[in-house]
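Below is a structure I'd like to ask you about.
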Amino acid sequence: MTDPGPARVVTTLESRLVLSAPATPEIMDLVHAMLEHLWGTSPDISDRDRMRFEMSVIEILGNVVEHAYAADHSDIPGQDGRRFEIVVGITEENLMAHLGDNGLPTELDLSGVAMPDALAESGRGLALATAALDDLSYERVDGRNLWDLLCLRTAD
Amino acid sequence: MTDPGPARVVTTLESRLVLSAPATPEIMDLVHAMLEHLWGTSPDISDRDRMRFEMSVIEILGNVVEHAYAADHSDIPGQDGRRFEIVVGITEENLMAHLGDNGLPTELDLSGVAMPDALAESGRGLALATAALDDLSYERVDGRNLWDLLCLRTAD
Amino acid sequence: MIEFAVHTRDDGIGVVTPEGRLNMVSARRLKEILSELVSGGTTRIVVDLGETTFLDSSGLGALIGGLKSARQAGGDLRIARVSPAVMTVFELTNLDRVLRARESVEGAFDD
Amino acid sequence: MIEFAVHTRDDGIGVVTPEGRLNMVSARRLKEILSELVSGGTTRIVVDLGETTFLDSSGLGALIGGLKSARQAGGDLRIARVSPAVMTVFELTNLDRVLRARESVEGAFDD
């Protein structure tokens, strides 16, 4: 567990986009569409920055969809379903995302994430996101997992 | 002004999709993408129901973007910018949308909306939405405009 | 997202094919395309709606605008290959009478 | 949204072209396509990434899975036409050494 990362400020950005939806694999395409809209509003972001940001957002959200609900019972009728919220935004200096989900807490140690063997077929997501991002933070607050992702913009 | 319409229940639906974003013409494509995701989750909705719902959502949101901010000054630095929120959802019986925006209040009388002359080039949006929807409600609450849209699902 | 395919046939009829959604943003471009065709002398125009997946009141407005300027210049504007979903929008506005849908692009000016 | 174009060339080499985004959902389909090719006897495969606009760890996993089964069957899997943005993902994981990017689909098996 860490403090909120520097990217948390995205939740107050006037130009932010916010999506709240069920945590399903199919929702990924809508998050891609959201990022595509974002790129349209700031055409001067380098391809490399777009890719490392978009890939990291999709990795972290993909983990939420695949792992954060593995052992819980939130699909019992009457209990809140599996939902997440994502906030994305751009400033002159940063690409930022904030993710919140109502899944189970995780004991992941983000500082200990290592790239697996070259021929491994999975287990590369967090390593890829931590390598691509300039900051990644996780905290558990009020029964929610909160992730903050930051890319510092670079020249092309 | 009316009471909240029957479609307001969409805001409590577990499977709802919620988007909050700046009120710009370009955001329309993202709302279309949101509805496309929705159709993917319920492939049994008739083409006619999809079209009358999607068209009505886009008309009402288009009016918010084009008219709800015409005379205000919310772009003065330090004041909240022009933003809207949209909630969409499907049940066995209904297609529902709820829109909220921070624009100016409107004195529109939805019961008096009429289709303009055949050769008019504008002014057809609200008439089209009221003809296509089974219920359309507007109210002003706490400085926000709230719109509720309902289509009863029909067999193809 | 929309693309417009535009071409003028040997018989002088202009064919405009909006591929995708005709909404607020794309209707502006359709309006421009239609008025450029008319002012360039192409006054008989078929709008092929066979690839149009969505239509709203701004799209209708652009079509009516094109119809009026084509007629003023002595020509006409016709629509063809309208899907049932898009047809709904014409029916709701009673514009199916002003802009009668033709089955094919080729035969749109046959009557 | 993604489409996969798959064909086998006269020289027996299979060419798979993912058109769009290779993410969690589409990586499953790529994995299936690659394993069907190998079990059907096509053990030399080029994955043409020239139309791939996005890649994540699940896409990488599908490629590595295909590489391993192709090699086990005596063949190989190679990637071609990788855009700079997609290349970033290979570099960040050091997989640019295991899966060296070839310039063209045609020449991908020349060495």
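The first chain written gets the first letter, and so on, giving A, B, C and D; residue counts start at 1 in each chain.
Keep this in mind: contacts are C-beta pairs under 8 Å (C-beta built on N, C-alpha and C of every residue); 3 or more make two chains touch, one makes a residue touch a chain.
Keep in mind the model is a prediction, meaning the values are calculated, not measured.
Trainee: Hey, how far apart are chain A and chain C in touch steps, shortest way?
Mentor: Graph distance in the chain contact network comes out at 2.
Trainee: Calculate how many whole Å lie between the centre of chain B and the centre of chain D, each centre taken as the average of the chain's C-alpha atoms.
Mentor: 43
Trainee: Taking each chain's centre as the mean position of its Cα atoms, how many Å separate chain A from chain D?
Mentor: 26
Trainee: Which positions in chain B are in touch with at least two other chains?
Mentor: Chain B, residues with two or more chain partners: 26, 29.
Trainee: Quick one: which chain pairs are touching?
Mentor: Touch list across chains, by label: A-B, A-D, B-C.
Trainee: For chain C, which residues are in contact with chain B within the complex?
Mentor: My answer: residues 1, 21, 23-25, 54-58, 60-62, 64-65, 67-68, 83-86, 88-89, 92-95, 97-98.
Trainee: So in the complex, which bits of chain A are touching chain B?
Mentor: Interface residues on the chain A side: 14-22, 26-27, 29-30, 33-34, 37, 40-41, 80-81, 83.
Trainee: Quick check on the complex: what are the chain A residues that touch chain D?
Mentor: So the residues of chain A in touch with chain D come to 25-26, 28-29, 32, 47-48, 50-52, 54-55, 58-59, 62, 65-66, 115, 118-122, 124-125, 127-128, 131-132.
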